[in-house]
Amino acid sequence: MIYRETGVHHTTYRTDMALFRVPLARWSVAGLLVVAVVIPFFATDYWFSAILIPFLTFTIATLGLNLMTGYAGQVSLGHAAFIAVGGYTATILLIYDIPFLAAVVLGGLMAALVGLVFGIPSARIKGLYLAMATLAAQFVLPWAISRVVPLVVPTGLAVAGGDTVYPPRPNLFGLEIDSLFERYFVSLAILVVMTVFAMNLVRTRVGRAWVAIRDHDVAAKILGVNITHYKLLAFAIGSFYAGVSGALMVFFYYGVAHVGEFNLDLSLKLLGAIIIGGLGSIIGSFFGTAFIILLPIFLNISLTFLGNAAGFQVSSGIIAGIENIVFGALVVVLLIVEPLGLAKFWQNVKDYFRLWPFSY
Amino acid sequence: MTNANGQEPLLQVNNIEVIYDKVVLVLKGVSLHVPAGGIVTLLGANGAGKTTTLKAISGLLRPERGEVTRGSIYFQGRRIDHEEPPEIVRMGIVQVLEGRGVLEHLTVEENLLVGAHTRPRGDNLQDDIEMIYHYFPSLAERRRIKAGYLSGGEQQMLAIGRALMAHPKVLLLDEPSLGLAPLLVQEIFRIVRRLNEEQGVSVLLVEQNASIALEIADYGYVMENGRIVLDGDAETLKNNEDIKEFYLGLSAVGQRKSYREVKHYRRRKRWLS
Amino acid sequence: MRAKVLSLVLLFLLVAVAACARGQAPAPTPTQMAAGEPAEEASPTPKPPVESYVIGFSAYRTGPFGRTGTPFANGAVDMEKLVNLKGGVGGVPIDVMDIETGYETPRGVEAYERAKATGRMVAFIPLSTGTTYAVTPKAFEDKVVVLHTAYGISAAADGETFPYNFLAAPTYWSGDAAIIKWIQEQEGGSLKGKKIGILYLDIDYGRETLPLHEVLAPKLGYELLKYPIPWPGLEQSAVWTNIAERDKPDWLIWRLWGDSTPTALREAARVGYPMDRIVGTYWSPVAVDVLAFNPEKSVGVKHIEFVTPGTDFPVIQEILTELYDKGQGAGARDQVGMELYNRGVYNVGILVAGMQIALEEFGHPLDGEKLAWGLERVTPETLKKYGMGVADLAPEVTLSDKDHEGRGFVQVVEWDGTQFKPITDWISGFREEVDALVKQAAQKFKEENPELYQE
Amino acid sequence: MDFFLELFVNGLLTGVLYALIALGLVLIYKASSVLNLAVGEMALLASFVVALAANFGAPSWLAILAGVVVMVAFGYFVERLAFRPLIGQPVISLIMATVGIALFLRGIYFILSNKWPVYLVDLGLPVDSLNLGPVSLLSSSVVGGLVALLLFGLVGYIYARTRTGLALRAVSDNQTVALSLGISIDHLWAVVWIGAGLVALVSGIVWGQRIGVQFGIAILGLKGLPVVFLGGLDSMVGALLAGIFIGVAENVVAGYLDPLIGGGTKEFLPFFIMLIALWVRPYGFFGREIIERV
């Protein structure tokens, strides 16, 4: 009814390999894009700066982590550090008058390079132990950044070895990206490109090799997959996404590069996002980001709202406590109900409608 | 339900259906009986559902997201298909897992002690351990050695011995012959027979190696594709043409058939479906 | 079961989204709160011309610094209530929207936007350096006062470069300069040959005053010893062994914060470093830190203050009688009067003073621009008149359009076993060097953000 | 030499306390292969409860008893409500669940501490520094270290000598086999969670004496990570030795190097050590190697 696969027959390889194999899927994606394009015309400043732009920029990072962890099975606890590398690189390049897009891409590449270095242990270590190796990135990189940045940046807010840097306003082919509206669209465009790339990537030889490594690396090796090569590639690509998202966060969201933002908490949150959203699922990255980044804000607002409606003057600390409790409990409940994440839940909904009204 | 002797069987499985993951239907109505003091064998090819049947009895399905959705299992007249494994073991059903599930990092003796976990505190376990060393003398020499370092046959012996520590009434043996040399298989089956006779333990034996299983068993069931397709006394089964053909590897005239032909033929001829 | 739970979760999400969409800013309550209270009669106009003036506040009672954030937040909220009980600002209640952020900058930005969405935000209290950095450019555009008392961007002391950022309290540089000045006095006027160690968290905040000391040390002849401590600084015994066994500095200046401070106190006690030779910056060691170590063992430890701690002030007494005695206090009673608490009171008080001054000139409705104008006219006299009692807490603040710091006066307070007590008058020092740093940093900000100054 | 000795001994004491945090991680990991990321929050809750009880005037023994009651209840309910329903799920989901529990505990701590701010676990232990020859130590650290060692001994004894310990070892060896022998995994998980709760209680009290009752205790949970990975996730001996090793190494190296390179050594030295160690021994020094077959 709503999502029907039956009746769609693929008579050529081209249609069979298409990104969206069912016309309806194509239409619904197109519909989502239309929504994404229309929303900003109605959004307030609040929605832009507190909901939409963070969502877009964080989702890019989540996508990268999901490629790395969800598809290739390389758990990383240092993603925020790679984000920081990308953000700082792009900011510094922008200060040196490198064009905006080039700065973003180079920021991504720099992060990829650093990610590659920290991915080297993956040749020998895996699983939880590898996660710990990447945790080292989370401690070493900010330390390095706070020492390198003051040497490179001609200006710097704090006089003393300040690692806090305001980027110049980026401009795209001569047009200044200034208003929230413009920031939103540039972020959206980049997110769409990155998403399409990710969707295609996981369907190629690389994606299949990753899944093989994730599911059983010894078996993958026996099948002739060069596992070291593909693991490193996973680190590079995942960190590239992190770097790009870092650049966008600095330019469009925070408006400032401040190393304190890219802490372990962020890394854990992103990991949480892909687990909650669904490991090895592109759409799961979107759901997960929404859950981890936006839900606490929603919770906070609605709890305050409910508290006020009920006539209590509740201190924000109590609300924050309840927010933590509810959020933590939601995470556990969600894992119990649907361990494969929100993407799986989404799948179930789709399956339900696909077969509707015949449930078996 | 009673068997031919008019006696209530020790263990009875009535028409059970097992579904994994809420999707995969593995057993489609399996019934079997194990009489007190008997050895019953369950034969069948890979994937026929033999192991699942055992796990349905011992309650080990749950961790694998399997579930008995229909039918019932009775042990000594008590329904057990929704009991937890510890309770089932306490009642006297112990499964010896396929592939010598020894606890590799524990010593032989510790393995045996763990086997007695369900017995009340304060039981004298030393006599039992000695009894097991008596049946499996090669274990006695290696009592302080980590089980992971034992040979395959010794591991299988340890697994069986460990199961005995729980004082079971029924032993569920899952392919004890797997991966062992023929001589060792012979020895293990001899011991199983002895245990059955001397200790009065009933045995439900899952095997692919039908000839040896039917040697020691009193009664046999043949499974295919999640169903029991044939059952009968061991003697009857041994003489059944189809069994001879498919499980004992003998042609109708008692000659060995080429393996290729057997497979070919099997694929064409099934009892059901 | 699964379906049920999921639908419940979804339902909850829907409610949450609906609440966001409808309210964004959840209905502020000061008007409800003030209802039935004497506030109504006290206000000159029966119906306020504006619903309320919103002060956005990124509070953190949770997160890694929740322990230090709590008294501050409670102080601010209590002061809000007190101000509203007394009729608000010219009859208009103020609404301190304390939004919990757990010291996370994204949440801080969200809090800013949430407060801004009310359309009535005149000022924002970020209470975090990261948030200050992130909202400062926004505030330029939105014309909203950002008040960061003794943290955030020190360069904002230059009011011409930062029209909407106000410290209304000394910068870190002023603080350390005053400490050096005070130590110099203790040493009989000369620091020649003395060793002064700086124990600092190895982050921007900790490092910020190093350049000042690089300038002062050669000038005054003291030897500067640096003891960086990596965040979060819960284990410091190596540093302290160095201090005690090798360097033996004559004085220690602390630039720690949060959980690292009790640890430092403990290690100081272990190696036997004299407590009375420790002078901390504004944020360490504060009372909650000392209590988390040992009140008796910490006697003599000092830090500098821009508000006076204690409860012996009319405004604090009023809070105790009007709120806490009636069970309406925001926090624990024994935290009232702690320096962090009084700072929260001061933050709201100085904004109210600015608003009242602006009100005299412009009348209702006020906005951020007018508030900034009002704040620039805060002097000891005007603060006394309009500050609802906070002038007692910080008597020496003089702001102007050039100076958003207020001359940088601090006082040294000492732990006497039960509380921090001032042991000096309001002091400052080495203004020339400090001003040079402010100029330099402000200049850099200007160069980095040319677009904020185009017009 | 005195300088070195002081660094060494203090590092040793700190190391034992790191090992204590690691012990909580190892307990859970051995029984369920789950990395318990809530270990710091559990210690935080425990220390808060004890401090709060003491604050309300309860004598030390009663305060500790309150902590025991709360932590036992916590362990029981966490197993019952969160982990039992998750049996059979991928390990990463279980780890994520511990993050959820950590957030939950934080929420509780925040609410309670907002209402009743407490600062210190005060059990009347001396806070004086103790001078052993040239070395100055904190007496509370010494007591804490001894308690920690005692706890290690106790847990080690339980594992090696008791019936439950044997069952726990069986479960950590092979869960399915253990289940087939009638060992109740649910029951054992409850036991380890309660055990981990009690270990958290001890580390909460010890650390709460050392750094005060504050959120930092939760952050300390992270300090346990390099320790367990260095020692091997499933080895208690490894946890103890690795804890001591990291404590001593970071203190001694920081003592000598920090003045030269300007700090930060402590920040990543443990991780650096861990990285090298993982390269040499991918399963930690005492960890059980997993033999993989296709």
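So that you can tell them apart, the chains are marked A, B, C and D in the order they are listed, and the count of residues begins at 1 in each.
The criterion applied here is as follows: contacts are C-beta pairs under 8 Å (C-beta built on N, C-alpha and C of every residue); 3 or more make two chains touch, one makes a residue touch a chain.
Predicted model only: the values in this text are computed from it and were never measured.
Asks: So which one's got more C-beta contacts, B-D or C-D?
Replies: C-D
Asks: Which chain has its C-alpha centroid farthest away from the centroid of chain B?
Replies: Measuring from the centre of chain B, the most distant chain centre belongs to C.
Asks: Between chain B and chain C, what's the gap in Å when you average each chain's C-alpha atoms?
Replies: Centres of chain B and chain C (C-alpha means) sit 74 Å apart.
Asks: State, to the nearest whole Å, the distance from the C-alpha centre of chain B to the C-alpha centre of chain D.
Replies: 43
Asks: Using mean C-alpha positions as chain centres, tell me how far chain A is from chain B in Å, no decimals.
Replies: 51
Asks: Please report how many Å separate the Cα centroid of chain C from that of chain D, as a whole number.
Replies: The computed centroid separation for chain C versus chain D comes out at 35 Å.
Asks: In chain D, which residues are in touch with two or more of the other chains?
Replies: 106-107, 110, 114, 264, 267, in rising order.
Asks: Give me the residue numbers in chain B that touch at least two other chains, ranges are fine.
Replies: Within chain B, no residue contacts more than one other chain.
Asks: For chain A, jot down the residues that touch at least 2 other chains.
Replies: 143, 315, 317, 320-321, 323-324, 330 - these are the residues of chain A that touch more than one other chain.
Asks: What's the complete list of touching chain pairs for this entry?
Replies: Listed by label, chains in contact pair as A-C, A-D, B-D, C-D.
Asks: Could you please specify the touching residues of chain A with respect to chain C in the complex?
Replies: Where chain A meets chain C, its residues are 44-46, 49-51, 54, 95, 143, 146, 155-166, 168-169, 176, 178, 253-256, 258-261, 265, 293, 295-302, 304-306, 308-309, 311, 313, 315-317, 319-321, 323-324, 330, 333-334, 337-338, 345.
Asks: Quick one: which bits of chain C touch chain D in the complex? Just the residue numbers, please.
Replies: Residue list for chain C touching chain D: 61-67, 70, 202, 226-232, 234-235, 237-239, 241-242, 244-246, 258-260, 262-263, 266, 269-272, 288-289, 291-294, 297, 331-332, 334-335.
Asks: For chain A, which residues count as touching chain D in their complex?
Replies: Chain A residues touching chain D: 75, 121, 124-126, 128-129, 132-133, 135-136, 139-140, 143, 216, 218-219, 222, 264, 268, 271-272, 275-276, 279, 315, 317-318, 320-332, 335-336, 339.
Asks: Using the touch rule from the top, collect the residues of chain B that touch chain D in their complex.
Replies: 58, 60, 62-65, 84-86, 88-90, 94-97, 101-106, 110, 113-115, 117-118, 121, 162-163, 166
Asks: Looking at the complex, which residues from chain C come into contact with chain A?
Replies: 2, 5-6, 9, 13, 15-17, 19-20, 23-24, 26-27, 29, 32-33, 59, 61-62, 66, 70, 73-74, 77, 98-100, 102, 104-107, 109-110, 113-114, 116-117, 129-130, 133-134, 137-138, 153-155, 202-204, 207-211, 230, 330-331, 437, 440-441, 444-445, 447-451
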